[in-house]
Every structure is written in C-alpha cells, then in structure tokens.
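Structures given as structure tokens follow.
Shared chain: chain A. Partners: chain B in the first complex, chain C in the second.
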Partner chain A sequence: MENYLVAMAVFAGLYALLALGLNVVWGMTGMINLGLVGFFGLGAYASALLTRAHRAPIVLGLAAAALVTAAAGAAMALTTARLRGDYLAIITLGFSEVVRLVASNELWLTNGTDGISGIPGPWRGRVTPQTFNVVYLAIVALAVLAVFALCQRIRSSPYGRVLRAIRDDDQVAAVAGKRVIVFKVQAFAVSAAILGLAGALWGHYTSFIAPDVFTPLVTIYVVLALTAGGTGNNVGAVLGAALVIFLMEATRFATGWVGMLKPVQVAALREALIGGALLVVLRVRPRGLLPERLARS
Partner chain B sequence: MAQRLSRRAFLEVGVTSLAVAAVPTRVRAQAGAIRLGTLTPLTGSGGNYGPSMLKAMQWVAGEINAAGGVLGRKLELVSEDDQTNPEAGVRAARKLIDLDKVAAIMGTWASAVTTAVAPLCWESKTFLTTVSGSDTITLLPHQGYLVRTQPNTQLQGRKFAEFMVAQGSKRVGILAVQAPFALPTQKIVGEELRKHGAELVAAVVYDKDKTTFRSEIDQVLRARPDMLYLNGYTPDVTIVLKDLYKAGYTGAKIAQAYAVNQKLLNALPPEVTEGTFTIAPSPAIESAAYKRLAQALGNDDLDPYSCQTHDHISLVALAIAHAKGESTGTAIRDHVRKISQGSGAHVESAVEGLKRLAQGKEINFDGASGPCDFNEIGDILDTKFRYEQAEKGKFKLLKIA
Partner chain C sequence: MPLLDVRDLRRAFYGVTALDGVNLAVRRGTITGLIGPNGAGKTTLFNCVSGLIPPDAGRVIFDGVDVTGWPAHRMTARGLVRTFQIARGFPRLSVLENLVLYGARQPGETLWRAVARPPSVARRERELRHRAFDVAERLNLTPLLDMPASDLSGGQKKLLELGRALMTEPRLIMLDEPIAGVNPTLAARLAEHLRALRDAGITFLVIEHHLDVIARLCDPVIVMAEGRHLAEGTFAQVAADERVQAAYLGRRAATA
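This part shows the complex of A and B:
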C-alpha cells in the first residue's frame, strides 16, 4: 500500500512539473503549447541516450535534457514568432508528432518503436524496489520544489509582469519598449527545459521509454491539470496535477464502490468519471480551483 | 508576493486529501485466496482484444474455483486496464504489485506496455505473462520472470521460409513496409532459405504512404524471383498486388494473413489476388482446450490472444500447484516449465491438471493457443500456423500445422 502511494506521488510530482512548465508559457505568457509531450519526450530521450549509451551520470543526463529541450523550445518560439492562438496550437501539436515519428523511425539513434529499456535510475538494483521508490520520490519532490520556487520567482518579478503584459496584449508591451520576441523565446525555453526535465525524470524512474509513451493523451491530461488547478497560478498547477493523478487512480476503486460492474465497464466508466469530474470543476470554478490572483502594487 | 490560500481553497484541498485517505483498502478476500492480476487493454487501440482476453481468464478462474481451487485455495482475479499506453500501464501495474500484491500479472498486449511493465515485475519478483510479439521483450534481463505465448519474428520467419521452400520456390523476393519487423524478418527468412537450398534474391523496403510501387516492383522483379513475400499492411499490399498484376508477374505470392484478409479479397478483382498464400499464427483449433473455451465464450472463431490468456492463467495456476501452493512470482517462475513441457501426462485443462498434480503425477500442459513449451528466455518453442490460399476471391484452408 505505502509503496503504491509513494509511486503515485512520484507520478503526481512528474505531472506537477509538466503543469508548471506549461504554466510558464501558457499561463504566464499566453502562448498555447499543445506539443508539450514532444518536449517531454525529447528530454526523456536526451537523458536516456546519454546515460545509457555513454554511461554519463544521471545528473548530467538531467542537465542535458533541460539544455536540449530549452534549445528546441527557443527554436520553436523563433520559428513561430508570428503565430498565435489556434495556429500556434497546431504547430506545437505538429512538433510533438514529429518528435514521436522521428523516435519511431530513426532506428540507429532511438531503437525505433521497440524503445529504450534499461535506463539507469539512482541506486536502482542496489537497494530494494521500495527504497528506490522512496529515494525517487525525494528526488522528484526536490525537483518540484526547485522548479516551483523558480516559477514563483518569475511570476512575482518585474520579468513576470512583462510576460503577463505580453499575454494580455503584446502590442502594448511592444509599445512600452519591451522586445516581445526575446521574452517569448526565453519563456518558451524555460518552459521547455522544465518539460524536458520531467521527461528525463520519467525515463530514469520507469527505466523504459518508447515513442508510444509520448502520445497526445499526456498533453491532454496536463492541460486539464493546469486548467483545473488554475491557469497562471503555480500553486494551482501543482494542485491540478495532483488532482488529475488522484482522479485517475481513485476511479480504479470504482469496482469496490459500485459492485456489479464488469472490468470492461469500469474501464469505460473511469474515463467518463475523470472527464465528468473535470467538467464539474470547470463548471463550478471556471478559472480553476485556485484562480490567478494578481498582486496590486 | 506570497500566495495566500483562501478559506474556500483550503477547504477544497483539505477535502481532497481526506478523500485520498478514505479510499478503502480492497476488501480482504477470504483468507488464503490466491490473488492474480490481469492487465489487458480494455480501452485504447487494443480495446478490441482486451475484453475477450479478460473473459477467457475469468472463465478459467471460475472453472478452477468451481472444482475446489488450487490445493483448496480460491483464485481471485484483480483486473486493471492498461489503456494500451505504457504510462497508464505502469501505474496500473504498480497498483497490482504494491496494493493487491498479486503473484502474477497476465495478458499485457502492446509491446511497449509489456516492456514498460516488465522491469517492475522482475524487480518485485512478480511473474509476467504476455501476448506481445516484439523480439526484444524476451531479451530483457527479466531473470525468468516472463514468458510469452505469441510467436516472435524468428519463429514466424522460419515458418514462412519453410512453407515457401515446400512450394518449390528457389528464388524468393521480399517487398516489405518500413516497420520494426521489416529487417529482422528479412534476415531470418534469408538464413532459413539458405539452409534449405533456396535463395533470397531481392529485398526492398518501401514507404507505406506511396500511391504506387511500380519502381520497387521493377527492382524486385529484375532479380527474377519465383516467389514474392509481401510483408506489409492491408492498404499498401492492396496497391502492391494491383501493380504486380499490371506488371504481368505470374509467380507465387505470399503474405501475412492480417494484411491479405477477406476485406482485401473483396476489394480487388479475383484474378489479382488469385493464388496468394497467407500464413498466420493459429490457435490450436482442434484441441479440446480451444473447443471448450470457444463454447464458454460463445464464439466459434476465437482470436489468438484470448486463447493465449486462457493458457496464461492455466499455466500460472498449475505452476502454483506444482510448487505445493507457494503463490509467489518466484515459485511460478521456478515451476512453470515443470508443468508446461517435459514427459508428464498430457493435459489440456487447468482443472484436469490440478487433479493429476494432486495425485502426485507430473503433467505437460498444452493449451488453446498451442503446446506452450518455453525456451530458457521465455519464448514459445512452437505454435500452430494456419496456411490459406486465395481462390476466386475466397480463402481456401490448406492446413493448420
């Protein structure tokens, strides 16, 4: 039981990282990124390849993942500088599919659809699976704390105020003398780095990645997490991520509560319950559980 | 500026965390029940197969329990959905392993899900049985905690080569779609052909989204093959067959049964498909196990995966019985080959096998999917294949062997 809760806390932490990363670019800067799973995957592959094939230490893998995805994010922001709204959403969605297709087809690098297994984890194999779980929870918690602190710092700084100005009206921000494109590129890079870090941590935790892991389903879960938690609010991002994992896991136990249901019906009902619960949240609290509250200065 | 939680927000967070604490631990089963996990794709792209795979396992568990269980202990199945997604599959497997403490997880379908779940299983000494076909799965360092009942590329390639040689082919050409199996199949077919004195004279890999394959076909035909192996999926093989007809190719053709299916025969004029051979792994449809399962599920034409999961749970139950009731993943690992192969009495149902074991006899279980004999890395040694040939737009069964 404890081990299961610890494992789910790890997944909640990883989702929290993803939601925080999305919040930087979407919640704070107003650029939609529906390709976040692409950055998630890119980070996972970067770290896995480096630590597995080149036997680099995991810390180096994580750093490389953040760097590679930050560069990819910056490149994406530059190439899509003139796009916004739906058009940006489509391009980013396309990006994540490109990452998945490259991972499926470039056998020499990614081992194709078979994926990469045996990715090292900190002390994996040298301690019991239970201890590994707890150690990993500590690492993920630390990462969430650090990223959360960074995001809060960005949010409350004058820098964050510029991002919000761009979100609300980038022409006004430009007129006020801010170089909008620079801020957009930086925000995209920071966001992508966080997403990449989450991907790398996912790979080192489960020890296996494959193109099939990085499907748009994950993007949808994270967008839902942030929307339910409160777009623009870092506490909301973490809370929303925890809520989505809680809903996904709690609905497993529907068999115990409802009885009489066959597993196939439970499986279908689970998806309906998750969707329904999020609908309720958004109906009752359209701006999320913890709406963004702006500081008055 | 620090964020302050409003009273309402605090209440909501509080209620959520209370609800987490209130999740009831699963009602404890009657003492001594043996808990086994099923992890099949009930939703997602495998959703067509998962429900029937699960039903097959539930039926076997019901039969075993009705006959008094395994050494007097009932089987209790805990079923989870892997959503045909590795991420969801890992979470579901964690629940089965950590919360339900199952001795075995049975029925993973997608190769990516199996590869993602396998490390959790061997690390926590839980046995895993799968129907995934990817060659790499059994090469994982699974320490024996994994067996699979689906033939891998090696076995399928060997069967294709043997059949082509039996048809009198000396010069074989391959047209394959770009997919993980393309190159491994090509390699194994080439090796097997050479063993039988035949030759792989040309092999071309194509991109499946092209609208014509004339240049690829010309390239293969230049080597004057007398047999063409069309290793693709239905949409591209449809075009290849048309282009081959237009190119005037009159030699033999062979394809996977999932590519050249009845739908394809209906879509093309009979003269285009005439004589095409198909091969597919087949359940052991003549076996008593298959017939009983088909009757129980009310389906005369069972898919291979349901037959395989029928065998998974039977093997697991028999292994536990052979281990004198020790219901752990390690015991299953150590005993599964002692009831699945060897010189023991041939049995085709778990109930019958349990009876024999109780009498102190050794058994050799053969299931609805085939003989269920495993090599040291968990691959099946042999399975039945179904050989068919297109004749006037219909399939004619040649043999099941």
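This part shows the complex of A and C:
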C-alpha cells in the first residue's frame, strides 16, 4: 500500500509538471496546445533512446529531452505564428498524433508498438524497489519544485506581464512595443521543455514506454487538471494535477465496490465519474480551485 | 518638415480598395483632426501607418525617416503610438500593469533576466512605476490603479488608453475616436488633457465623429473620402466645402 501511494505521488508529480508546462503557454500566454502529449512523448523517447542505446547518463538524457522538445516547440510556434485559436488547436493536436504514429512505425528507431523496455532508472537494481520508489519520488519532487520556482519567477516578472498582455490581445501588445513573435516562440519552447522533461522522467520511472502511453487522453486530463486547479495560477496547476490523479485512483476503488459490472463497463464508469467530479468542481469554482490573482501595486 | 508625411498610400482588401493613394501631412505641435464618412479609410490609414497591417504601396515618413511597413513595436519605439476605436487593452491586467507594460526598455522583458533578475530590472521597474503614477495622476486614474482594467467604465478605458500611449514617451499619438461612448463631462476633460499635452510638445492625429469636438479641438482638419484626401483647413473651411458636404450627405443627382 505504501508503495502504491508513493507511486501515485510520483505520477501526481509528473502530472504537476505537465500542468505547469501547459500553464506557461496556455495559462500565461493564451496559446492553445492540444498536442502537449506529443512533447511529453518526444521527451520520453529522446531520453530513453539516449540512455538505453547510447548508455548516456540519465541526467544527460533529461537535458537532451528538454532541449529536443524546446526546439520542437520553438519550431511549432514559428510555423504557426499567424494562426490563433481553433487552427492552433488543430495543428498541435495533429503534431501529437504525428509523434505517436512515427513512434509506432519507425521500427528501427522506436521498436514500434512494442515500445522500449529496460529504460534505466537511477539506482534501479542496486536498491530495493521500495527504496527506488522513494528516491524517485524525491527526484520528481525536486523537479516539480524547480519548475514551479521557474514558472513563478517568469509569471511575476516584467516578462510574464508581457505574456499575460499577449494573452489578452496580441495586437495591442505589439502597439505597446513588444515583439510578440519572440515572446510566443520562447513561451512555447519553455513550455515544451517542461513537458519533455516530464516525459523523460516518466520513462525512467516506469522503465517502459510505448506509443499507446501517449494518447490524446493524457492531453485532456492535463487540460482538465489546469482548468480545475486554476488557469494562470502555478499553485493551481500543481493542485489540479494532484486532484486529477486522486480522482483517477479513487474511482478505481469506487468502481471496485460496484458488483456485477464487466471490466469495460467499469472503465467507462470510471471516466464518467472523473468527468462528473470535474464538472462539480467547475460548477462550484468556475475559475478553478485557485483562480489567478491580480498583481497589487 | 512635417512630423508625419503620408505619400500616395494604397491598401486593398481582397480587391476592395480602402486606401486609394492618400496624401497627407501632420505638422508638429498640432492636434490634427481626421474626419470623413464611414468607409472613408480612416481606420485603415491608422492601421497602415501604425504598423498593424502593411500598405500595398506608398510611403510613410515619420520625422524624416522612411518607416513604411515597419511593424507596430518598432513604430512605438520610434515615438508613434496609436489607440483603438473600441477601447482595447488588457482586461485581466490591473490598470497599473496596463500602464507600466507600455514603458520601453525594461530589461526584465528578456527571458533570462526575468529569471536571473539583475538589479537593472528592479531599477527600471521603479522608474516605470514612477512614470505610471505621474501619468495616472495627470489623468485622474490614481484611485483605479489596482483595479483590473475590465472593471473600468467606457470613459475610464479611453483615459487609460491615452495614459498607456503617454507611457511610451511618444512624439505622435494617433487617437481613433477617443470621445466615442464617453459622457460629455469626461469628454470635455479629455479634450483639456489633449490640449495640455499638445502644449507639452506632443502632436496628435485624431479620428472623431463628434464634429463639435473636432471643431473646438482640432486645427487643421483633414477630410477623407473614398480612400483619399479630400479637403483640409480649419473646421469652418472644410465644413463650408461643397465637396465635403457632398461626401457626407451624398450628391444631388445631376438633373438636366
């Protein structure tokens, strides 16, 4: 049971990273990214391939994952510079599907749908699985703390003020003297790097990744986490991620108590319960559990 | 040499001509009015000059420098800033943030300095806040500084737009209907502000449909119609111009 709780805390931490990453680009800058699972997957594959096939140290794998996804994010922001709203949503969604399809079909690189197993984890095999779990939780907690501090610093800086201005009206932001495209590209890159880091940490924890880990459902859960926690609020992002993981796991037990259901029905009931719970949250707190607050003079 | 010199500016949207070779000049130290019937191309002219959309042809000379096709952020840095017809801005930023945002040369607007926070960031932030407090004082916005901009009344939003423009240390402010939707008392006060700022050395180009305000405030007045410069002079002169009357009211059908 303790192991289970620790594992859930690790997954909550990884979701917190995803929600923080999404918050940079959607919460602060107002750019939709419905393909965040693509960056998540890209980071996971980058680090897994580097550390498994090339025996690179895990730290290097994490750094490479962040760099590769940042570059992909910057490229995406540059190519979609003139698109807004719906169109950006479609393109980012398409990007994540492309990542998944490439991972499924380029056997020489990714081993296709069989996935990559045996991804190294820090001290895995040299300590008991219980100790590994706890050590990994500490690493993830540290990553969440560092990324949270980074996001808070960005948000409260003059730079973050420009991002929030772009979120409200990017034309007026240009008239205010800001080079909007530079901010958009950077925000997308920073966000993608955080998502990629989360992906890499995921792979090193579970030791196995495959294309079907990176489905659009992950994107939806993260968007829900941020919305329920409070779009624009970094604390809210972490809280929302914890809430979503809690709901996912709580419904696992709750549906266990209901008898006479086929497994398929249980799975459907779980998703319905998660959706219902989030609806209640947003009905009671329309701007999320912790709404974004205005800066005071 | 005029502060702003627009030469033969052209712009069409999908074959519909909005600007059909506009020539006009704004002299330094004036509050120049820009009037004309709906569809005359006034706002398109603003968009082309301020860098929001590029012109198809023609030249824009600002203070002796050819700035044709420059993007908006460079125009603002150069000293030309515009406001919007329907008060636009940053509803989820506070009034103070709206003002400070328009300040130039904040080193904390680069990513690495935002994270590393060298002392220059806080220093510039203090300067900009100080300037914002001054601007707010001048425009009677001080009690509203902590409010989100979305909570302001229509008139207060217009004042905030003017205040934001002032934060950029401008030489020319282009106002797109600053009086629209503003109550008469506030409108009179806004006009007072403009005159005082003109006396302090800022030049204005003002689009406005309230002709009584134009008559009291603007000299000269430029009339546009069908994408061109139609007439120019004092308000009395252009109001007496038959071509202007025809543009506003329509021509009497030629009868044989």
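Assume the second predicted complex is superposed on the first by the 284 of 297 C-alpha atoms of A that agree within 3 Å, B and C clash if a C-alpha of one lies under 4 Å from a C-alpha of the other, contacts with A are read in each partner's own complex, and residues count from 1 in each chain.
The rule is simple: contacts are C-beta pairs under 8 Å (C-beta built on N, C-alpha and C of every residue); 3 or more make two chains touch, one makes a residue touch a chain.
What you see is a predicted model, and the numbers here were worked out from it, not measured in a lab.
J.: Which partner chains sit in contact with A:R179 here, chain B, chain C, both or neither? Use first/second/both/neither.
T.: After superposing on A, A:R179 lies in contact with chain C but is clear of chain B.
J.: Once the structures are superposed on A, label A:D114 by its partner contacts, choosing first (chain B), second (chain C), both or neither.
T.: Only chain B is touched by A:D114; chain C is not.
J.: Where does A:F40 make contact in the superposed view: on chain B (first), on chain C (second), on both, or on neither?
T.: Neither chain B nor chain C is touched by A:F40.
J.: By residue count, is chain A touched more by chain B or by chain C?
T.: B
J.: If we overlay the two complexes on their shared chain A, which of chain B and chain C does A:M1 touch? Say first, second, both or neither.
T.: first
J.: Answer with first, second, both or neither: which of chain B and chain C does A:D168 touch in the superposed model?
T.: Touch partner of A:D168: chain C, not chain B.
J.: After lining up the shared chain so the two structures overlap, which partner does A:L217 touch, if you call chain B first and chain C second: first, second, both or neither?
T.: Touch status of A:L217: first partner only.
J.: Considering only touches as defined above, state whether A:F95 meets chain B (first), chain C (second), both or neither.
T.: Once the two structures are laid over each other on A, A:F95 reaches no partner at all.
J.: Residues of chain A that sit at the chain B interface in one complex and at the chain C interface in the other, please.
T.: Chain A residues touching both partners: 295.
J.: Quick one: in the complex, what on chain C touches chain A?
T.: Interface residues on the chain C side: 50-52, 71-73, 76-77, 81-82, 84, 88-94, 96-97, 100-102, 104, 106, 108-111, 113-115, 117, 121, 125, 129, 145-146, 148, 164, 168.
J.: For the complex, which residues does chain B have touching chain A?
T.: Checking each residue of chain B against chain A gives 1, 3, 5, 9, 12-13, 16, 19-20, 23-27, 38, 42-43, 50-51, 54, 79-81, 83, 85-88, 90-92, 94-95, 97-99, 110-113, 115-116, 118-120, 123-124, 134, 136, 140-141, 178, 180.
J.: Can you name the residues of chain A that touch chain C in the complex?
T.: 150, 153-154, 157-162, 164-165, 167-169, 171-180, 186, 190, 292, 294-297
J.: Please name which positions on chain A make contact with chain B in the complex.
T.: 1-4, 7-8, 11, 105, 112-115, 117-118, 125, 129, 152, 156, 202, 206-208, 210-213, 215, 217-218, 233-235, 239, 242-243, 246, 248-250, 252-253, 256, 263-264, 266-268, 270-271, 289-290, 293, 295
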